[in-house]
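In the part that follows, the structures are each spelled out as structure tokens.
Each of the two complexes below includes chain A, the first together with chain B, the second together with chain C.
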Partner chain A sequence: MRRVAIAGVGMYPFGRHGELTATEMGATALRAALAQAGIRRGEFQATFCATAYGGVAAGHRVLSSLALTGGPIIDVEAGCASGGAALGLGAAAIESGQYDTVIVLGIEKMPKGIIRSSFFPSWMEAAGLAATPAYFALRAQRLMIEQGITSQDLADLVVKNRANGVLNPNAMFRSAVTREQVLGSTLVCDPLHLWMLCSPNEGAAAVVLQRADLAPAASVRLLATALRSHLPGSVLDESTPLAGLSADQITPPSTLAADAAYEEAGLGPTDLDVIECQDTDAARELLTWPELGLCDGGQQPQILAEGSFALGGRLPVNPSGGLLSKGEPLGASALGQVVELVHQLRGDAGPRQVESARVGLAHTIGRGANASVTILQAAEQGALGGR
Partner chain B sequence: MADLAAMTDPMLGKNSAGQTVLLGGFSEQSQRSHFPRGSVCPYTAAEDVVDHELPQTGVLWACTVINSAPPGYFGKVPFGFGVVQLDDGLRIVTRIAADLPGELQIGQPMQLVVEDLPLGTSEEDGTMKIWAFTPTLDQAAT
Partner chain C sequence: MNTPRECHSAILSIGVAAPSLRLPAAQVAAGWGRAGGRGQVAVCSPSEDALTLAWLAARRALDSASIPPEEIGGIWWGCTRAPFAEGPSLSFLGAALRLQTNSEAALLSGSPHAGIDALLAADDAITSGRVRTALVIASDSILPALGSGLEAASGAGAVAVLLSAEGPALLGQVTTQWSPVLDRYRGDLETETREVYDGRLFREQVFLPLCQTVGSALTADPSSRWSLPDPDGRLGRTLGERLGSVKVVSTAARSELGDTGAAAPLLGLAAAMGDPGTLIAVGFGGGRATAISIQINAPVPGSSLVEQHLSGGQEVSYTEALRCRGQLSASGETVEMAVPPGSAMFVRGSHEMLALLGARCLACATVNTPPNVHPTCISCGAIEFEIVPLPLHGTVQTFVVNQTMPAPFVAPLPLIVLDLEDGSRISVQGASDGSDLHIGVAVDLQLRRYALERGVPIYGYAALVSTASENTIERPSA
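Then we have the complex of A and B:
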């Protein structure tokens, strides 16, 4: 268990913000987090800045704009899991005794449209083999075949997350949708319709990590943070290889990260009260549930029908509205989840508050492949229930 | 753009019968084939990789249709995109050459073909060769 607490959080809402730069968004989020933690210039020792498209020394630009430079500033890139990776580095630095207080920042301003990633070589783009949503579509199709998911289920997942987004003032999309509207939106790549895909966008999130004994008593505790990459062989995983094996027993990176985080935190899926997980597309979240051990593969339609993972259900997943409501600024998205969980575990999440939430899990999976899992616990100590 | 056009050359070859084949790698130690050929077996890191001709036939394992041109792509849209499971079990990401790729059935027999794709909007940009799979013609109908 990490002896690290989250002393303050801040966000610049995810969306499209015209000419505003990632540096400016990052500065706003960072100011808010520092104010909340009561930390000023000279009272933190290092900064880890997650970004995929931010360019050279992106973190330096944010700290320069607030006259906070002087200490080490390290940019971190691990695809969609960049924020989780930065959080892990910051926490490890505190645990090792190197630092007492560390800033973890995530900033991003994504290009519009289909994400053009330097991950794909130019010849794959020319060959038509670099269309990211098409890979999502193939994975969705296999999920439907292998776990009995229907296109109605995919639509219902969107309905669930968008309903939560209505309650989140920081969400990009704040209107509820119906199953019929989702299935009536433009078909991007069968079986995925436009509203089943999250929007790449822009935004920032900031977290102040502190040695738990120095942090305010009400601070949320960081129980575990794990980052994993893919094992070779799965043709449709986020590493997007050109070929893979027919064997299906390859453990996905999300499961590798979750198992490591559960072990570090000393708890399991049944101890969780609230989840924020990767919903790049509707199928991605449905695939993630069994990968994190939240249910068995094939149970998703029943869970959707019964509302078990909706707000007010037994285990709310993506109470923030998820990426389907917020959009996905790669470097900031994982820390955006952490910010949401901190609000949930402090009990100040407003109308989307998960009742008596004490343990939360944040998950991202994306390009690389990179998967991160973070587990947080509310401040009031005491034995965890259930185990 | 000549170098781009040459990028798929190491992946496409001819077999002894003069037919186009996909060139992968095979490791005796891991007993597994892979594509494209790497310097080590991508599944076990074994270093005994030799050139390996992949089967030209397989079955459709996943398939969708790409309706608008993704970045850096100058070919026709819509086009089919999917995964074919080759006869030796290897699953390969591929273009699907079919009039109505969205109506293909998962599990249906497929065979290798080669397509020429433009590398830009003008003829001077040249073309590249790329593998694709197409539904196997019904033997009885030919």
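Then we have the complex of A and C:
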């Protein structure tokens, strides 16, 4: 268990913000987090800034604009898990005794349209083998045949998350949708329709980490952070290139990260009250549930039908509306999940509050492949049973 | 006096390939506001060209002879328009066919006579003893001038034969006649083939005299079967009558595919190679005519598959054909892909892409692919490999059909993750519209043109659902 607490959080809503720069969005989020934590200039020792498209010294620009430079500022890139990676580095630095108070920041302003990156070998792009949504669809097709998921289930997942997004002022899409509307949206690549895909966008999130004994008593505790990459040979784990081994028993990075985080936190999936997980596309979230041990593969349709993972259900997943409602600014998305969980665990999440949430888990998976899992606990929680 | 000389090599096997689209002549006529139009021509889809057709015909010839590509001593390719007007067309084809990189090779071009040129050059190499087994390929995909009569006459197709010193079919007499006249042609910097200036002048003063001269110079009997050039859909018949109402067997291929240019002479005989007797092919182009006789002593392996491999094809409208031929394209920019095709990435990766190579770990036998991005084994971390060809068939692990693609790609475009028999998993494009795909289905890989990137063709492998017959020739029972 980590002796680290989250003393304050801040966010710049995810969306499209015209000419506003990532630096400006980051400054707004950071100012809010510092104010909440009561931390001023000179009262923190280091900054870890997650960004994938921010360019050179992106974190420096944010801290410069607030006249907060002087300490170490380190940019962190780990694809969709960049925020989780930065959080882990910040927490480890505090645990090691190097620092007492650390800023973890995520900023992003993504180009519109299909994500282009330097990630795939150029010949694959030239050959049309590297288009992102197609890649998600390959995995979705496999999930459908292996775990009995239907197009309706994919649509229902979107319905669930978009319903939550209606209640989130920080979300990009704040209207509820129906299964018919989702299935009626443009077919991008079978089985994925446009509304089953999250939008790359812009935004920022900031977290102030502090040694637990120095943080305010009401602070949420950081129980575990884990970052893992794909094992060699796997093909559909967001790894490169799209070639490898035909073995299907390679443990996915999300499971590797989750197992490590559960062990570190001394608890298991049954101890969780609220989840924020990667829903880059509808199938991604349905695949994530069994990867995190939240259910067995094949149980997803029943869970959707019974509303078990909806707000008000047994284990609400993505009460924020998820990336399907918020969009995904890569560097900021994982910290956006942490911000949401902090609100949930402090009990100030407003109309989307998960009742008596005590333990929350945030999960991202993306390019690399990189998977991060973060487990948080509300303040004044008694000892957990663990596993 | 035109006295034939003798060839000395023999045909071991034959393979043919046709593109996947068919354009009815009536559609062309309607496109120009005219009624009528008889017959059809074959048209390449955006993923096909003279090189991919050549590859497929050659693969089939190799499979029918059960000869591995490394035993081929040389490749002779006749093609009016290779994909690079100047460039590595031949080495691309040789790599994709997995030939030895020190094998003899020549690309014959310049006119539809190039197919005959390739056959004769390979015969010389066999006769002289330089090469034990030669691969002769003739392929073409003519781009006809808009509004010309060629639009309803020019097709596409490929034929390949393996030559050696001995075989079931012997090349016999050959004779040539030429005349410095302007027939159909394409000038430098021109992309489309021009029609002849005056049809009657061409027929009476150029085509018929040259072809008659060479045809009548060979020793033939009434049972001889002929393949005659037929650039417009009528001249072949007229020539047959002038030669003495000879038995013409090239009509079926001509009706199915149209004029296949350099491929026409041998393609016209391909199906007939299953029956013993004398065959005569007449090739014409660039003011040159050549006749060659072939004595069939036993059915040539591959000949029984010819009819099936030439038939079929999906009918397309005139506008679709124009789009496929690149003669109708939307204005505006296409999406520029990551790197120029001449860059280091392509230079290092092109051989393994064209030949579909993997790297087998010497320590644990895991096949790593593509080799140049796997300097270290994904299973055990060892660093010593042998380069191996990957199987050209596998099973669909998962797939997706892209419904929207930025130009230069064309939707629907299937993307397939494929499990190969050697335990490797690769991703390829699909060659169909994807409606026939499902997880677990067996597919074969064919060389296809993935894109034209900054004017340069990019080739790779595309998957097609296996047919029983393809499986038969891919895995000879012998």
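Assorted remarks:
We adopt the following convention: the second predicted complex is superposed on the first by the 383 of 387 C-alpha atoms of A that agree within 3 Å, B and C clash if a C-alpha of one lies under 4 Å from a C-alpha of the other, contacts with A are read in each partner's own complex, and residues count from 1 in each chain.
By our rule, a residue touches a chain if its C-beta (ideal position, glycine included) is under 8 Å from a C-beta of that chain, and two chains touch if they have at least 3 such contacts.
Note that the coordinates shown come from a computational prediction; the quantities given were computed from them, not determined experimentally.
Partners chain B and chain C, once the complexes are superposed on chain A, run into each other and clash.
Look at A:138: by the touch rule set out above, it reaches both chain B and chain C. By the touch criterion stated above, A:351 is placed in contact with neither chain B nor chain C.
Once chain A of one complex is fitted onto chain A of the other, the partner contacts of A:233 extend to both chain B and chain C.
Of the two partner chains placed by the overlay, neither chain B nor chain C lies in contact with A:312. By the touch criterion defined above, A:148 reaches neither chain B nor chain C. In the superposition on chain A, A:216 makes contact with neither chain B nor chain C. Touch criterion not met for A:298: it reaches neither chain B nor chain C.
The interface of chain A with chain B overlaps its interface with chain C at residues 114, 121-123, 125-129, 131, 134, 137-138, 141-142, 145, 187-190, 232-233, 235-236, 240-246. If you check the complex, the residues on chain A that touch chain C are 114, 120-129, 131, 133-135, 137-142, 145, 186-190, 232-233, 235-236, 240-247. Residues 113-114, 116, 121-123, 125-132, 134, 137-138, 141-142, 145, 187-191, 232-233, 235-236, 240-246 of chain A are the ones touching chain B in the complex. The part of chain B that touches chain A in the complex is made up of residues 4, 7-8, 24, 32, 34-36, 42-43, 61-67, 70-75, 79, 81-83, 85, 89-93, 95, 102, 106, 117, 119, 128, 130.
By the touch rule above, chain C contacts chain A in their complex via residues 337-339, 341, 343, 345-346, 349, 353, 366, 369-370, 373, 378-379, 397-406, 409, 413, 415, 417, 419-420, 423-429, 439, 450-451, 453, 458, 460.
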